[in-house]
Structure formats: C-alpha cells, structure tokens
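Per-chain numbering from 1; labels A, B and C assigned in written order.
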Amino acid sequence: MIRPLDSASSSPLHFFGYFLDHRSEDLGWLWDHTWLSVVPVVVGLALALPLGWLARRYQWIYPPMMSITGLLYTIPSIALFVLIPPVLGMDPLNPLQVPIALSLYSTALLVRVVADGLGAVSEETVQAATALGYRPVGRFFRVELPIAVPVITAGLRVAIVANVSIVAVAGTIGMDNLGRLFDQGFTLSVSQPYYPPIVLGIVLCVLLALVLDLLVVLVSRMLTPWRRAVPS
Amino acid sequence: MIRFDHATKSYPGGTVAVDDLQLEAPTGQITVLVGPSGCGKTTSLRMINRMIEPTSGKVWLDDTDTASMPAHELRRQIGYVIQHAGLFPHRTIVDNVATVPFLLGTDKKQARARSMELLERVGLDPAFAKRYPAQLSGGQQQRVGVARALAADPPVMLMDEPFSAVDPVVRDQLQDEFLRLQSDLGKTIVFVTHDIDEAIKLGDQVAVLRVGGTLAQLATPRELLSRPVDAFVAGFVGRDRGYRALGFTQSGSLRTHEEPTVTLGDPLPSGSDRDWVLVVDAAGAPQGWLHLGDQPRGAVVEDRMLYRGGTLATQGGTLRAALDACLSSPSGRGVVVDEAGRLIGTVTAREVLDLIESQGTPS
Amino acid sequence: MAPGGALVIGDVVGWLTDPAHWQSTPFDTGILGQLGAHVWFCLIALVIALVISLPLGLWIGHTGKATWLVTVANAVRALPTVGVLVLLVVIIAPNFYGRTNAGYLIPTEIVLVLLAVPPILSNAYAGVQNVSPAVRDAAFGMGMTGPQVLLRVELPNALPLIFSGFRSATLQVIATATIASYVTLGGLGRFIYDGLAQQDYPQMISGGLLVAALALAADLLLALAQRYTVSRGITGRAGRQAGSDSRVAVLNEELASETA
C-alpha cells in the first residue's frame, strides 16, 4: 500500500525523499525499465542486421520490407501492446507483450537504418574489398558493417531513447516499470496534488535515457577508432 | 564593360582573398580569370554580382556603381552560370530556364516560349523541356544552366567554372558551342577557370591571378604564351607554351608538295618508290596511310590496312596544326587539306620549322 | 482466466460490429463520438505545432541562426510523455471546476504540441539545410530576394522532409492522445482503459484496433497529400536519382546536433 508520507511535504522537490522511502520498489521498477528498454534494441539489432543486409543484397526486397516496417512503426504503442496478445494467442495482459512490441518497433526502425547505412558504403570501397579478396561474408563484417557503424549508431540512439519513453506508457496498463510512478502520482493526487512520485519518475526516465544514449555512443566510439583520428 | 576599381576583399581573420584588383572586362568580349586555388578568381567574379561584397573599392558596370542598386535587381541584369549548374530540382527544365523572366514578371506563356527557343539555341532537344534536372546528364544540365543565364537577355554573363564538372570530351564540345554562341551574341563575359588550356582556348583576354588575390598578368592568350611576365605566370602557363603559342599563328599559305595517292578499293600500286602511300576516298578526302611493304602483292586497298593516327592540317590554319600534322604522320609528311577536307598536298616538318623561323618568334 | 486467441478475436469482431457501441447514449459516448473527440484533440495540437515550428524551422535553416533551438527541441524527445502528461494534469486540473474538461484538455494539448514540435522543426530545418549549396547560390545569383529563395526554392525542396516530419508528428500525437484517456479525457483510448478497468478485453482490444486504424488512415492521407504536393523532380518518380532516405537524413541531423 502506497501512501503519501505523513511527515513529508508534497513539494515537487521532495522526490528524492520519496525515492529513499520506497527504495526497493523504485529500484525494482528502474531495473524493469532498463531491461525493457535495452533488450528490445539488442533483439532488434540482431534481427535488423540480416534483414537489412538482405534488403541491400536483393534490391527487390527493399521496397516491400520498408513498407512493412513503416506500417509497424505507424501503429501507436499502446495499441500495439493490447493487440499483441490476441495476435499471438496469449493472455490479454501478459508481461511479454511489452518487450515483444518494443522489439518489433526497434527492428522496424533498425532494418531501415542498417539497409541505408550499408547503402551509404561507397561502391569503390566495396569493389576494392572484393578485389583484395574478401568473400561476401568477410566483406560484410570487416568492411561494410564497420563503415556503416555511424549511421547504425544514430539509429540505435533514437531507438533506445524512444524505448525509454514508450516503456513508461506500459505503466498505464499496469506493467511494472517506472511508468508505475506516474500511476501512483496520479492516483495520490485525486484530492490534492502530490508531486514527488511523478517528478521522480520523470527524473529517473531522463537519467536512464541519457545513460543508455551515452553507452551507445561510447560503444560506437570503441568500434570506430578511425573516426577519432579526424578532428571534426 | 565591367571595371574593378581597387577592389579588395579581406576577411576578419586577416585573410585577403582579393587584393586591390584593377581590371577591365571590355564589352562584347570574353575575359577569363585563371589561377591556382586560393587566388581569389571566384571571389572576384562574385564581387561583380555582389554575391560577395568588396571590403573596399568598387566594381563598375559601364557607368553604374554596382553598389548603388539593390543586389537582387543588379543580379537580374547579369547572367550567372556555376560549376554544378545549380538547376532547381523541383522545376521542369523549361521553368528553370524561365526563372529570371518569371522574377521580372514576364507573361508566363511568353517566357516559356522564349525558353524553348533558348534550349534549342544551346543544343538541347525541346523534348527535354518537360523533364526535371535529375533526368539530365551533367553536360545537358550545364547547357540548361547556360540557357537559364541567357533567358532575360542580359548584356553581361558571369561563368564560374561552368564546364569543369563534365568529362573532357563533353567539355570540349561545350566549349566549342559556347564560342559559337558568343560569336552570335557578343555578350560581355567574365569566365573563371583553373584550367589554363580552357582559358587560352576561350579568352579574348586572360587575367592570371596569383595566391593572395593579386593580378599577375593581363594579356591576350597569345601574348601570355609568348611573353609571360614572370616565373609564376610562366610556370602556370606550362612547359610546352612555345608549342602551344603556335596555335595563335596562322600558317599562311603553306607551299605543299604533290602527294601520290591511291583510292580505297583500288588495287595496290606497284613499282612505287615510297614506303608509305596516302589513301583517299572517292571524293579525294585523305583516309590514312598505307605501308606498302606489309601488304601482299595484288591486294585491293581496304579500310583495315590503313594507319589512321595522323592529324590533318587545314590550308590557312595554324602553325601548330601544320606542325602536328607532320609530327603525327608515319611517313613524316604532314597532310594538308582544304576547307572541304579534300587533299591539297603534303608538307614536311623541316619546311614548317623553316616557316616558323622565317616569321620570327611568335609574338 | 485466459480465453483462447480465436475466442478473443471472435469477441472483438462481435464488439466492433455491435451497432450499440457505435452510437452515443446520454450515459456513454460511442465509437463515433470518441473518434471525433480523438481527431479533434489531434487536429488542435497539430495545427498549433505546425504554426509554431514550420516557420521557425524554415527560418533557422534559411539563416543558420539559433540552431541550438533544434538541439533543444530534440532533447525534449528524451522526456517520458506519460510523466509530463500526468504532471501537467496534476498541476493544471485543480484550477478548473465544474462540467468543463479544460483541466484535462489543456495539459493534454500542451504535451501533444510539445511532442509534435521537434519532428516538424528539425525536419524543416534539415530540409532547408539539405538544399544543395549550388542551388541556393544559383537562386541568389539569378536575383531572388531572401524570402523568394526561401519560398520558391528552399521550401519546395524541403517538402519531402517536412512531410516526413509532419507524418511522424501526426503519428506520435495520435498515439499520445490515446494515453490522454488515461487521465480521464475522451478519445479512442477510453475503450482501452475502460476495457482494462472492467476486464472487458474485447473492448480493450477493439480500442487498440481502432487507434491503429486511425493512425494508418491518417498516415495514408498524408502520404497522398505528399504525393500531390511534392514536385516529381525531387521525389525521384520522374526518373533516376531517388535521393537519400529522409529518415536517415533526420537521424544524421540528430546525430550531428547531438555531437555538436
């Protein structure tokens, strides 16, 4: 049972005190929020790499693939959450519906990014790699993919920041994550405004988005040492 | 006439792009600005239509100070052609050409009709009119760029490396057509290039600029080749400038020797004392040289036997063409033809050189 | 408690085809009423966002001034929409009493506008920025004035990116307007949250379907509008040169503004 603290103020600035008082629950939601944001992007990338490669390798696949991913991206998140269980024959409320929906979004976004990132690799580079004796698979992993890293990184950053915001939406249909803090705040504000959980939720979401974004950038830098050689 | 009057362009960092430029581009002529990158040639050009404003000094258009009117009004009186054509991707070719007339408020129908004429004039099929720039090749886009600059019939045209982004064959073609067009139109043209050969081919006068934005030499192409004022200009103009200068000297009437010929399809001549025989077609136009020693006896002269590497000199053409005809001929005898391409005779390199010597150093 | 998938789909079809669910009663707003409300909320937000961000984005792109605004707008995307919505409702709603729903409508519209501004702004900016320097140079060189260059050259060439920004804004606004039902506002989201609260899953899933259908219809409509407004010379439909994909251009734009 969550109650406003007897002693605490309802000041927005009191969010940290609120956090300390409900530490274990909030940390649990933070952890839920984190894996719900990250795992779908990893799954999405794992699926998008071969799909994006296919869309480049066989030109005729590109237009229909982009139509399908575009269509998926058009469906609002809350609608996708509630539509996934009946489509997959699951319970109407199932803890997996959120990660599945987010994986679909991430895949949809990243397929396009991977395909276009690979398309941005210059023809000369591909020819040179082929002439040097790379076979298609080696060429993909050692030449084309590394060159496409900057574009893919940009896509990953957009995907992961978007995910942090979308996961919170799932809080409104009762899924455990930082979105529950907003639910709490809304419920507790029926008679008069009670800000701490709402502000705490916003602060944690923004921090999480920033940290994850930074992680993607750092990993990308590690993978592309040659980009640091040129001062921008 | 365009006149640079102590025009200077410097930037806050202390870089001077154009330094106290004094230059006059005469009416009805092509003035080429040429020089290495960083010499301020494009900056100078862009000061004329005030795409860049001079830091000090003035640019005059006839008797008008260009700074005395709003920049956009000035620009509508000056044709402007740039390197990548800069066609508007969202407009059809005909509407691209009609840009300035539209801006000036010309009736749309009339402006388009005039644009169609211009397209033909620059050598484009009117069928292109309804297409979009992305559907045209680089060379075709450049022609449209020229047509667009001509649309409002401006007395002055500025051209900033207009032919440098196309391949050499197309460039040569565009240059020739440009000269033909200019001989009809007689515009006052300022032309920027980094290619000294283009400058020499197109310019009535050539201004060589050096890095730092100063004028090194202003001269006719011929003078530039024969009398570069200093080591910089000499180096920029190039090593074989003596040879290239011959391109500005008329050969006058070359005294030619009669050359025995054989016509395509005839049997090989027998008992000739020469190794090489000139082959002509039925109309008397030289086709190539034939090496007698290589051919079976009694054979008929066929196309595939010919050596076609030699160039032809035209009677009344330049000394450079005459000398080149000799040097490129396997027999050592340069072939001279008349205006219609029919054989007149041959001349040797020795004879051409004697002629050059008798005329003194080209000047 | 879980019914089989097939059963649910049958129930959903049953719910959607029940004429009683489409008409409003004095106690209950039907599908058509909620659809109208949903569309109305979205239109208000999109019009306001467009009026603010399109001229601003074009101006930033044209002059190159105040590019930090684009960075700021993009940073707004990191905010959790639901959180901001709840926060604003809690702040604003107590100031309104009685029958009006302004206490919920105003915070919702603020959030929707906040969401719609960044994609339109940054795409308008990127669209103008992406116009080739040669084209811009030629436009000025022909004697166009600054406003003429912007309206006759930069705007038409930026249209594909502007459309993609506006489409993205529209989708996010439709999606977030659904969540507004969570803070007791009307709209198609009502069916989702009421269905959830009453454990009436056919109603909840029908709500999801209706929202998805609305989003698809809106996107299709905009795609059609785009097809008829953007010059064939830039869509690539007139010939080769498809041009780089708009979304990647936006991604690169975001990357550039974030690393700057």
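Keep this in mind: a contact is a pair of C-beta atoms (placed from the backbone, for glycine too) under 8 Å apart; a residue touches a chain by one contact, two chains touch by 3 or more.
Just so it is clear, the structure is predicted and the values come from calculations on it, not from any experiment.
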{"item": "Touch-based graph of the chains, sorted into line, ring, star, complete or other", "value": "line"}
{"item": "Distance-to-centre winner among chains (Cα means, whole assembly as reference)", "value": "C"}
{"item": "Chain centre separation in whole Å, for chain C relative to chain A (CA means)", "value": "19"}
{"item": "Distance between chain centroids, defined by C-alpha means - chain A, chain B (Å)", "value": "59"}
{"item": "Centre-to-centre distance between chain C and chain B (centres being mean Cα positions), rounded to whole Å", "value": "55"}
{"item": "Multi-partner residues of chain A (each touching 2 or more other chains)", "value": "none"}
{"item": "Partner chain C, residues of chain B touching it in the complex", "value": "49, 51, 72-77, 80, 82-92, 99-100, 103, 131-135, 145, 148, 158"}
{"item": "Chain C residues within the chain A interface of the complex", "value": "1-2, 4-6, 8-9, 12, 77-84, 86-87, 89-91, 94, 171, 174-175, 178-179, 182-183, 189, 192-193, 196, 201, 204-205, 207-209, 211-212, 215-216, 219, 244-245, 247-248, 251-252, 254-255, 258-259"}
{"item": "In the complex, chain A residues that touch chain C", "value": "71, 73-83, 85-93, 112-113, 116-117, 120, 150-151, 153-155, 157-158, 161-162, 164-165, 168-169, 171-174, 178-179, 181-182, 185-186, 189, 192-195, 198-199, 201-202, 205-206, 209-210, 213, 232"}
{"item": "Touching residues on chain C, where the partner in the complex is chain B", "value": "132, 134-145, 148, 153, 156-157, 230-234, 236, 238-241"}
